[in-house]
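The following pair of complexes shares a single chain, chain A, combined with chain B in the former and chain C in the latter.
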Partner chain A sequence: MSSLETVKWINEQFKKTNELTQKTLKYEDKHILLFYIKSLIDQELLQKLIIKPFFEMATENQFKLYMQALPQFQEGKSTEQIQLEVMNGNVIIVIQNEIYLLDLKLSNNDQVNSTSVETTIHGSQLGLSDNLMTNINVIRSNYHKPSLCVEYLVKGEINQHKVAIIYDNEKVKNDVLDTIRKRLQNVDKQVITSTTQLNNFLNDKRLSLFPRMIMTERPDRLVYNIAGGKVILVVDGNPQALATPAVFFDFMTTMEDNYHTLLISTFLRVLRYIGLFISLLLPALYVGITSFAPEVFRTELALTIAGSRVGVPFSSFIEVLFMLFFMELLLEASIRLPKAVSATATTVGGLILGTAVTEASLASNIMVIIVSAVAISTFVIPVNEMAFSIRIVRLFFIVITSVFGLAGLTLSFYVLIMYLVRLDSFGEPYLQLYISPKNKSKSEEQI
Partner chain B sequence: MSKQIKNNLSVVLLLLTFILLTGCEFKDIDKDVFVAMIAVDKSDEAGKSYKITLKLYEPTSSFKQMPEPTYSYITESGETISEAVRLLESYSDKKLEFGHSKLIVIGEDLIKEDKSKEILDFFLRRPDIQMISWMAVGRPSAEEIIRLVPQGETAAYPELFNYFDDNGTESQYIITTYLFDFRRNMKSAGVDPILPIIEINHEESHFEINKSIVFRDKKEPYELNSLDTSLFNILSNSTDNADFYIKEDEHYLIVKIDSVKAKKKVQVQNNSNLKLDIEINLSGYIAESKKQLVNKQLPYYNKLFKKEAEKQFNDFFSKMIKGGYDPLGLELDYKSQTFHNRQMSNEEWEEALENAQINIIINPGLKSTGVIQ
Partner chain C sequence: MSRFYYYLILVNMVANIIACVPAILLHYHKEGTVTSMLLAVILGTALVTIFTRFFNTFPERTLPELLQKTTTKWFYLPFVFFLAVMWFIAGLITMVTFTFLLNRFLSPEMPIIQISLMIILSAIFGCLMKTDRVLYTIEIILLITFPLILFIFYKAYSSNNLEWDYVKEAVLYVNQLPNLHSFSACFFLFLGAANLLIFNRFFAKKQTFGWKQVILIAVISISTLFTSYFIPIGFNGFENIDELVYPWISTSDSLRMEFFIIERVLYMFLLFYLGIAFLSILIHWHVSFEFLKFVFNLDEIKFKGKAIGKFIPIPFFIIISLFFVYQLNEYELFRYTSYFYNSLIIIFPMMTMLLFFIKRRMKYIEQTNQK
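Showing the complex of A and B:
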């Protein structure tokens, strides 16, 4: 391609953009052409790396060699690549009819955020950033092993977002990796903006209650998961990553479990599982026991509950659903509200509504205690997505229990377990205790 | 809207309507009234055998605001218990819930009539009466017992329960018999059921439970006095406390036992000679004495104690055997170790028991004189 043709061709490619800047540098017998999108590149860097040396170099050849030596350098091979790279913040340099690409991307989102969802007392307080490269940098600098592989894909037909697949080549199970690659290939969505979206897109079932990928913002969790043979997915512009395959018990662990002494972390784990069962079963148990089998309670408790229900106009299950509904509203509202207002919302909702409801005898005192116990124990579940699933399962339990009593509750609990047993996450059974890293091949074992 | 979405929606709607169809099994807890105790008496009315009285809890929303216990009572007579209960159900606006009734009191008059099987039948068949209810005999009548609310009783937990539930008093004079236990002993040949007797001290309005009564088929029930009741409790290992009074020489001691272990063994020799080996470990300390005691003399006190205890237990056994009552289940013990085709007949057993050699070994374990010297 001659110089003129090239220029023509590039202009042809980007004629839809109004931001493409074309610059011709000419000094003595040196001559280069620059194309870039002004808003995407770091202009200072451009001045420092290209423009200034250009005027200092003696010959065009020297400048060309200098270009090739720069770390941001890559050769422009195909037209698609050039188009894509320009949109990613590369500068096209046409020199002696050759096309070079120089990555001078300006990113303002490469600051590492502090953890906000998975906060811990021990360990690093820093999470991921919104920038893919920074994230990979963070992961790599926490996982020093040459077997750590990163694959890049571009997803989202319209917005062309970068997705990275990160795994340890030595630990990962190949069939899991293949499934993920295959499913990623099949994702044909117009716009991809968030990592957690992939959670839905990679799932083969539309109506699935439980998350099969664990969302995290903690680099230590990512490293822990990579070492455990999991595959990490990161989308550019997202401070969260996905680790998969994930089993149920992954969602019940926090990174801090590894940082405490055994006794303390066992205690915390037991506490967490008790919290899980309370948030799952307590409202349904309340309905089942008070309305179907009051002899299960101690006498005093039965009398207190019977007494506190005096004047309450609703049946116990309506009462439970009514209070849970307000609790869910409160939870939802406090997520959406600006931080400054959310504290007020919780006070208004939690304290004022709670006392007012019992004063007006719309719900019994015991009910308010149960609902707040349930709310608190829902927060104990460390991974947010699991907490959401549990909240939905809880509603199912209440409905079934109010129709079929304690027997219904027992049965629906069996159904839940059966459902969990049937689930799998990328070929790994969902209810196994943990995912073992790559099984050694049989020949290796025999040796 | 596609057909599938329509179908799905209709299924969801159908499920949602289910919640309104909770059926008649669903009953809110405030529509139940809980029965605290059941009293069964002999009816005064002609043609009716039973008088049932139920003690009902009145629900309160806060025991802090109403610390005084409040109960209501309903009474009805009937030819059978169920007949009476069915009528009682019409006396209450709420459903009678027997799930929390912990005590069944049977009137003394009824005991003499040998109707226990008939009475038990109702309690055993009714599903919401718990098999772990306690059984007792009320003197003078069951109704009076359950109608008494002693001073200082707290709400929601009748004082009478504390006597039996091993949480309150641990007196050695109180026998605790559960409904299932009573029924089992009644059915099984070789052990006679025993029930505590609840009496009322009217002047001070409190209960007195320190006697018991043994039932045997086709025989008049036999009443055990306080001492025998406590000895029975020791022998059946159901208490850890005991007191023994020793009056020997110039000593007058009261021994407080805080650990009891009793073993009993029925041995058959030469096919018809019975030997009862009773070994009882009693350890404790001296609680009271009229004379100065010396620690070095403990072996001597132990000897005195041993002699006294042996005498008391011997008396107990001879009383039981002479009367033909067997609350300890000696016959059951024998039957459990002999093949059914080699067992003696009932008459043979009674004769053998009367001639049995009773071998009581007391291991006294007085550890201290109770004072530091």
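Showing the complex of A and C:
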């Protein structure tokens, strides 16, 4: 296709919008044609790199060579590519029947954000940005190895978003990479806006309770995961990345575990696992013990609990569900509410509801303590997605305990373990203890 | 040996403290239980050694696969089906015993069918997993429960109420000749190694099983037997100990944790032993499921392109288990369990002969292949 036809074709494509700017530059015997979308490109750069030199150069040939020497230069091969690149902020230059593309994209979202979800005391406070290229820049400047590979894909039929697959060529397991590529091929969604959306699309089971990919905004975590042979997925316009395959213990580690001394990080881990158990089991234990087997506790404690429940008109099952329901509402509200109002919501919910509910004897004092203990220990789980799963599992436990009692709770806990063991994350067993040195290479992030 | 191998043995040994084994042993406390225990340790360790050595020579092979290679179809299909029934019964005994226990001591007002149904369903959920995942589950649940079980044993040994004089008195009966029932009950503790018939699939690497391992197993078994027989005697006295239905429950109920939030050790014991018993059921039924899969070729059965074959045994498992839970009482359970144990001491020595036969055949097949 000659350049004239291409020009015509491009004009045809953009006929309906008035976004495409066409500019003809003519001076002495030099003549070029520019196409660009005004809102996508850096106009200052355009002026500095193209327009100014154009009027200064002696001949057209010299200008052409100058263009080819520019770092943003690439040749226009097919019409489709040209159209796509224009949409990505390139300038088309038609010169002597040849088509050049110059990447002069203006992006206002390339500032690196500070971490907001995974905050730590130690280590870097900077996360990723909304811009894909900046993110890759951040990762590359933290991971200096030539084997780091980046593959680009375009996903989302309508909005044509860029997705990058990042991995270390030497460390990655090829079958994992192949499954990810294959599943990405099969994603045929119309609109893709978020990295975490991919989490659902790449997972072949619809009803899965636990996340198989770890969402993170910390570059140090990404680098750590790449070094561990994991594959990273980043979507343009998202300050979060996904790392996969992820096993259960990955969701219980923070990056800070590596920054503390061994004793301190062990203490913090133990604390976290205790928090996990409390948030999972405590409400169900309360139901099981008060309603089924109060004699399990020592007599004094059993009497205290029974005394605290004097006047409460519900069975413990209703009481727990009632309080947990309000706690979940409070949690959900504090995420959605504008920052200015959320403080009020927590005050109203926590203080007023907490004391009023016991004074009205709709719930026992101990119940209020349990609910707040559960809420606090849910926040201890470092990765947000896991905390969501735990909240749902907790409800299952309460229901099962109210039907089957304490033994039911114990068994359902074992069933949960079996469910986790049974899961796969891209070919890796989801829950497995890594003790023997043979398995050590399987995952870098261990208990 | 791989650590997973020891889990199989350990679970089978420890789980039987809660089952009928101590009751049977204590029932014949004046008729040669001590000598039966000694004899069982020697013969049981020998059996474990034979089984383990045999399967070490065929890494990643299960017994049905080996039988398929070396014997004819009319022999191995009924035989494997028979094994499936045996393993099902082994799991069933643990299940029924624990159902009775929970019904008696933890939730007496709950219908017994409901209790057993929850154990059955959760065990079956686990049985359908792949063999390696079953082992990972065993590891994690053992990691959670075993330290507490050890703590309870520590509490028992360090308790002031443990009268060593009774224990000494019981040891004096060492001059009696061993009796069959005690011997078979003790012998059952060693049959954890027999789970290798299926679980050998997991052990891919060539393992070493030398004197060190044999001694380790002997030590574990002696301490388990000693604990399960003598500790109840030390707590409850020697004379009428055979009247106790659940010797270990009575024993653990005489333990107190004065300063902990749960005062009676019994509840800790019950709930954590539930984990061990659950693992025991899980292992036995998993083996049974795998045998059935082999006999009826269940993986081939498909419905609308989905492999539903492995779900077919589930209703049978549930119905048969519920039937027995409903029908049996504790007395019958103990009697039939004892018969079951007795039958095992005939079957397993015979099986070792079968293993030798397979080994020779396999050698022959390999030689012809080389030629």
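Just so we're on the same page, the second predicted complex is superposed on the first by the 426 of 447 C-alpha atoms of A that agree within 3 Å, B and C clash if a C-alpha of one lies under 4 Å from a C-alpha of the other, contacts with A are read in each partner's own complex, and residues count from 1 in each chain.
What we mean here is this: contacts are C-beta pairs under 8 Å (C-beta built on N, C-alpha and C of every residue); 3 or more make two chains touch, one makes a residue touch a chain.
Note that the structure is predicted; figures quoted are calculated from it, not measured.
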Which superposed partner A:Ile417 touches (first chain B, second chain C, both, neither): second
Touching partner for A:Thr290 - first (chain B), second (chain C), both, neither: first
Partner chain in contact with A:Leu406 - chain B first, chain C second, else both or neither: second
Chain B versus chain C as contact partner of A:Thr134, first or second or both or neither: neither
Touching partner for A:Gln83 - first (chain B), second (chain C), both, neither: neither
Which of chain B and chain C A:Gln160 touches, first, second, both or neither: neither
Chain B versus chain C as contact partner of A:Ala306, first or second or both or neither: first
Which superposed partner A:Leu433 touches (first chain B, second chain C, both, neither): second
Contacts of A:Ser315 with chain B and chain C, given as first, second, both or neither: first
Footprint overlap on chain A, comparing chain B with chain C: 292-293, 295, 299, 403, 405
In the complex with chain A, residue positions of chain C that touch it: 2-3, 102, 106-107, 110, 114-115, 118-119, 122, 125-126, 129, 132-133, 136-137, 139-141, 143, 260-264, 267, 270-271, 274-275, 278
Touch list for chain A against partner chain C, complex: 292-293, 295-299, 301, 403-408, 410-412, 414-415, 417-419, 421-422, 429, 431-433, 435-436
For the chain B and chain A complex, residues of the former touching the latter: 15, 18-19, 21-23, 25-30, 32, 34, 36, 57, 59-63, 97, 99-100, 102, 128, 130, 156-157
Chain A residues within the chain B interface of the complex: 290-295, 299-300, 302-310, 312, 315-317, 365, 399, 402-403, 405
